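Got a structure for you, written out below as structure tokens; questions coming shortly.
Chain IDs A, B, C, D, E, F, G and H follow the sequence of writing; residue 1 opens each chain.
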Amino acid sequence: MIFNQNEKLVMIGDSITDTERKRPHGEGRNDSTGKGYVSVVHALFHTVYPELKLRVINMGTSGNNVRNLKERWQTDVTDLQPDWVSILIGINDVWRQYDQPTIPESHVYIEEYRQTLDELVKLTLPSVKGVFLMTPFYLEPNEHDPMRQTMDAYGKVVKEIAEANQTYFIDIQAAFQPILEHIYPATLAWDRVHPNLVGHMAIARAFVKAAGFDWNK
Amino acid sequence: MIFNQNEKLVMIGDSITDTERKRPHGEGRNDSTGKGYVSVVHALFHTVYPELKLRVINMGTSGNNVRNLKERWQTDVTDLQPDWVSILIGINDVWRQYDQPTIPESHVYIEEYRQTLDELVKLTLPSVKGVFLMTPFYLEPNEHDPMRQTMDAYGKVVKEIAEANQTYFIDIQAAFQPILEHIYPATLAWDRVHPNLVGHMAIARAFVKAAGFDWNK
Amino acid sequence: MIFNQNEKLVMIGDSITDTERKRPHGEGRNDSTGKGYVSVVHALFHTVYPELKLRVINMGTSGNNVRNLKERWQTDVTDLQPDWVSILIGINDVWRQYDQPTIPESHVYIEEYRQTLDELVKLTLPSVKGVFLMTPFYLEPNEHDPMRQTMDAYGKVVKEIAEANQTYFIDIQAAFQPILEHIYPATLAWDRVHPNLVGHMAIARAFVKAAGFDWNK
Amino acid sequence: MIFNQNEKLVMIGDSITDTERKRPHGEGRNDSTGKGYVSVVHALFHTVYPELKLRVINMGTSGNNVRNLKERWQTDVTDLQPDWVSILIGINDVWRQYDQPTIPESHVYIEEYRQTLDELVKLTLPSVKGVFLMTPFYLEPNEHDPMRQTMDAYGKVVKEIAEANQTYFIDIQAAFQPILEHIYPATLAWDRVHPNLVGHMAIARAFVKAAGFDWNK
Amino acid sequence: MIFNQNEKLVMIGDSITDTERKRPHGEGRNDSTGKGYVSVVHALFHTVYPELKLRVINMGTSGNNVRNLKERWQTDVTDLQPDWVSILIGINDVWRQYDQPTIPESHVYIEEYRQTLDELVKLTLPSVKGVFLMTPFYLEPNEHDPMRQTMDAYGKVVKEIAEANQTYFIDIQAAFQPILEHIYPATLAWDRVHPNLVGHMAIARAFVKAAGFDWNK
Amino acid sequence: MIFNQNEKLVMIGDSITDTERKRPHGEGRNDSTGKGYVSVVHALFHTVYPELKLRVINMGTSGNNVRNLKERWQTDVTDLQPDWVSILIGINDVWRQYDQPTIPESHVYIEEYRQTLDELVKLTLPSVKGVFLMTPFYLEPNEHDPMRQTMDAYGKVVKEIAEANQTYFIDIQAAFQPILEHIYPATLAWDRVHPNLVGHMAIARAFVKAAGFDWNK
Amino acid sequence: MIFNQNEKLVMIGDSITDTERKRPHGEGRNDSTGKGYVSVVHALFHTVYPELKLRVINMGTSGNNVRNLKERWQTDVTDLQPDWVSILIGINDVWRQYDQPTIPESHVYIEEYRQTLDELVKLTLPSVKGVFLMTPFYLEPNEHDPMRQTMDAYGKVVKEIAEANQTYFIDIQAAFQPILEHIYPATLAWDRVHPNLVGHMAIARAFVKAAGFDWNK
Amino acid sequence: MIFNQNEKLVMIGDSITDTERKRPHGEGRNDSTGKGYVSVVHALFHTVYPELKLRVINMGTSGNNVRNLKERWQTDVTDLQPDWVSILIGINDVWRQYDQPTIPESHVYIEEYRQTLDELVKLTLPSVKGVFLMTPFYLEPNEHDPMRQTMDAYGKVVKEIAEANQTYFIDIQAAFQPILEHIYPATLAWDRVHPNLVGHMAIARAFVKAAGFDWNK
């Protein structure tokens, strides 16, 4: 696995990340890392690699878009001096365009998204060992659905930023593809956005695979 | 994996299993399978094997000992007509001897434990494809601790019943061994009994390994 | 309008109808008729036709399918001696097939749906002035979506029963069609099933149109 | 209808408007526009004219009189840069004279009411496409009742301001007149002030009529 | 005063009497006699005549009409073996005709009211020292208001029953007359029915005057 | 009665006065004047003298001693510009000496009590029509009880201040005397300090008598 | 100490005993034995004599008098097969005569008290090793207070029953005597009945002294 | 006993001390001193030595380590001007090293512990009559357990500081030794840290013994 003993991983994002994590920092006993993929990642690491004593900190905040991440990046990422940072953002940037179409100030359009995310990555890379960029996703199997199309476009931006900055890239939408072939969206997520534990397991599995995790170690 | 499409697995036990599952049957949307190893097993199955559409039902009840399982076996296991049954029981049978030593009517001593568990297994085997017996456990690394010694004795009974009835056997205490070498009990479980998600992941991982689960499928 | 003074209309269905109505009978002061289309229908009638003093009773029950309606038809419809009855059922009959695919006992397949609904209509018609049958609906604009396809099939059944029994027929799915051309589903309903007041207004408007309601009276 | 695509309507007032709207701005998903006439207006617009994508913002505050409106006019109206503004104020200005007769500092007498409302209208007209003035009302059919008489006098002031400033004028008291001929006040409003949904429908219907709304479009 | 030492007075009625009294019997410490006129009567008696040690029991039940009183008369009056009984009933009998006009089964019309009340009085008189009949009331000063007119008609029935049975008669509507000349109804009662403490004081004062109470004793 | 139309009476004190009054000022609808003697005084005035439209404001604060009164006198009395002021203070000054004997900073000894109360009276008299001084009291009939003796000493101070400043004086302890001859303290007040409504009626009756109130007017 | 290893002591009584104990039996972890003298007795025994493993069961029920004890004696004492029983009853038997003087059915007069308590003792003695009778008490130092006098009379009855039946006798009133010489009742008990932990310590100390407890063991 | 009349004892520490004490100062009526050993100490003193009128103030704060004590020493100890101070700190300093091993900023290692505690003692001694130092403890009978070993090392530091500064020293770990020989840890404390009342009694007994308390006085 790419992580070494005692290293610190900060995972930031929106409600998919947050999942009722502890404030101000999502680490420690009980449900401090929340009830979603971050807590699954933490559990997988400490179950299979207990000797690494990895430090996983959930810094997700429900409702956030990339603009909000930028506002709190100093206190919520930089000040924590992480070794690794993962980012899963963009769902609200897109969703508000579809569930609050009359309120444009709640939308983050694609160019602002690209510039802001790129800025955060460039700001962070020099002081960490690695950054993980995860695509925003939408549990809608119909690729012609307008919101799915927009989400895919934002996901493509993430990929481009990852490539341009040579960071780790994880395609979460793609990770859901084989599941959506067999399971209808309503089984996975009430609103096609907030998954149950099956969905969080899929995100966590995609993440730890990218980190070289070995289940059978 | 040993499970086939649409098969039904009932997982029964005490609070380690229960974890606030839905009543009367722990299956369905959201947290219906609880917040512990059953929900992790369910998530692993549906993430990696979505095409199997396995049915996982959590029938754990907090505070139960094997005597209680027997009382509700007809309605809570037999009537559900499962293809597979897993049993994780014995912690309360032992614990009450140590945290309520003056109240003997709350204790289940080892012979009653052996006879009752054996009876339930024999009653069930003819109508199912397989039974999984998991050992009760105690997150106490000191093998000379009195309660750990008793728990190990009960675990040995489980192993003997599994062998005598040729069922699947899963040594949960052993699964925790490598973790306890690196992590102090207080990190895993406030009371050395109820684990956090790291511990539930360890139980789930031991279970799915026994079922031939392939993480990298 | 087809209703006469002091006539009694019972509106029965699932959570779309229920909307936190009063128990045991959804009529009276404040929010007794719930917070959905029934309360809008009631408000439209009493605002525009106050002289008719119509009695509108909400008998919806969240989670119901047509099988549940049959179980409570005697107490919840027949015993109330209504002049008119409206039925909006079928969403859960279909939805459970998609959000709980592994739990077949929660599904009501199309033939049972057809026979049961038809039975209720035939049972009721002799003692009332008219029955209104509304189609179940799904706020999914993609007609190739599997659940939308199933819902449309159930809607077709409703139409056939209405024609066979010569009752009033209201195509709610069709009533949402022009709205879905301009508004993305997420704006109307968190889960594409439970609409906000815009959606309830659309249902109510379709209903009162069928009853000959004149907004400009 | 007089509204064009994407235009923004701010509706301000007291508890009749507020109805538990979202803070700080009463717009968005679910019950953001409250549970009263504003949410009905919003629902009517989006059901019948979905292509207009009108933005309706509820800025009512329970307990307010015209003096309070003035205090928050800058932040709660002007800063929102509306295209249209509706005002329904005056009920508390009058009511406090009758339910708290010994506390004169809670009363707003008619000259202060006239001057303040006129000032707000004149301040607002230059930057919007139109202002709607609605009369305060009292669900008391007896025109000789003292509080009804005072309310009517305030309503007359609203009419005079509307005419002097050539704004839209909506006589809510008059809209209730045909309903009060058939329905006793206690059916409509516990306290003759806060109507149930029937009353809110009547207000909404009067408002949308003034805006050229066509139910049968 | 007409009461003697240790005598027991049962006061029965609807929500005006109930006022959150203790169950099953409204007597004892703290707020056992509720927060309305019964507790004021009790306080007046024990403050001014502490040596009498009178026993006052509140048996009011919110929402009751005379039909409900009859149903519980045996357990709630007769079984308590009172020396004196006071009855204040009829408001709901009338009110439901005005606030739920479409639900006739909730109405108690004047002939049923007369017969039932008369029956209760005749049933009770032989075993007690006296019965007090209080008129139902409506805090509406306009005597031409329809509900006030109906209420006055019911009050007249009470007077006729009192005279025919030679019981104590207390005209509560008349007791409010001088107050309503100076105080607008909204100051006294949110809904013109449930008075604040001023109104309860007026009822209590009328009652104790009828009992020969001397404030200056 | 000594009060004239529209005059304002501020009643200040400790928890005996407070009784859950409204904040910041204890006046207005419902229970704004609390649930104790102030609300009874208010009710008596408005029931018997509705034409006076007296304004009664409860400014009691639970736990207060005379030192606390002084701290808030400017905002809670002077700023309200009352016509009349009543003061009932001293119970906590004494009680803390008996229920928290080891915490001397919570005690107010008799000389500080005398000086502070006298200062408040002298400060207030010039700007009002009259001040009412009520004695603190203790519902302990045994005059040799230590706390009763201390309370009587403080009551004597109140009397001396009243005489020196020629204000109205009301001996509440004396008003309870005839009641305590017939009623054991536990019936009146759980802790011999906080009376039930019987006790509050006794305080109110003593107060209104001093104000020339005529019950039979 | 008079107790031997593993013996079971049932302590029964009213709210002084109950103190929010666990139901149905007041033993086990945490606050199962309540928050009063029973939990202190239990703590003293297990701190100083851990080797005895004594079983202490709190069977107190708030509000009980001796009549209530008799009603539940079979299930709450006899069925538990105790080795020792302690009884602390009589406070409510007396108190109700003073705080609810007008409700005689809540009083238990001294002869019924004597006969019932004697009957319970005689019924129990043959099957246990010993019975402890504790006097009811009243934290009122004035021996001429009427309720204190009655309580002392009931305490004398307890002493007489103890002597006649040769059981253990503990004079709780006497145990409080030296404390009341230095501490005013209000410091010990809000209502002179329910003591704080100081009072419960005094009861527990008197009890364990009677049982031969040695603090310095 | 070493304490004299009216002296003030401040007991400071972590959650073992806090036990839901009153804020800002843990003294006064009811549960002001919390529910742990401080309240037991207070109860023992006032039951057996009521004439001393000792003042016991609980200043424990849950979660505190010695670093936190230092931060609040001025306001929470010095400003209170105590005659005596007791300190029970160090459990969290050690525990965080074992239950949050990956979060080093929550650990207080032994040298910082020693220096800080020594500093607080030296700062305090000149102005008080005596300081009591209690060892932190861990209810783990296995002396080879890593956390128990660390705790013992911290306890040894406490002893060294006590000796160097000639303060009172109380070995709480030793006080639990004879109890742990007979009672399994799970009976005493769910998490081997927070004891039930048995454990608090043991701490209190050790403390008062050090103060020369005589149970049989």
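The definition used in the following text is that a contact is a pair of C-beta atoms (placed from the backbone, for glycine too) under 8 Å apart; a residue touches a chain by one contact, two chains touch by 3 or more.
Predicted, not measured: the structure shown is a model, and the values here were computed from it.
With respect to subunit F, maximal separation of chain centres occurs for B (centres as means of Cα atoms). Subunit G is reached from subunit E by a rotation of 90°, derived from superposing Cα atoms (nearest 5).
Work out the mean CA point of subunit C and of subunit E, and you get 45 Å between them. Centre-to-centre separation between subunit D and subunit E, using Cα means, comes to 41 Å. Separating the centre of subunit C from that of subunit D, both taken as means of CA atoms, is a distance of 32 Å. Residue numbers of subunit C whose C-beta contacts span two or more other chains: 29, 53, 99-101, 183, 187, 190. You'll find the chains touch as A-B, A-C, A-D, A-H, B-C, B-G, B-H, C-D, C-E, D-E, D-F, E-F, E-G, F-G, F-H, G-H.
For subunit G in complex with subunit H, the touching residues are 29-30, 35, 39-40, 42-44, 46-48, 50-51, 53, 178-179, 181-183, 187, 190, 196-198, 200-202, 205, 215-216.
Within the complex formed with subunit C, the residues of subunit E that make contact are 99-103. Against subunit E, the residues of subunit C that register as touching in their complex are 6, 27-29, 53-55.
Every residue of subunit A that touches subunit C in the complex is listed here, in rising order: 95, 98-101, 142, 144-147, 183-184, 186-187, 190-191.
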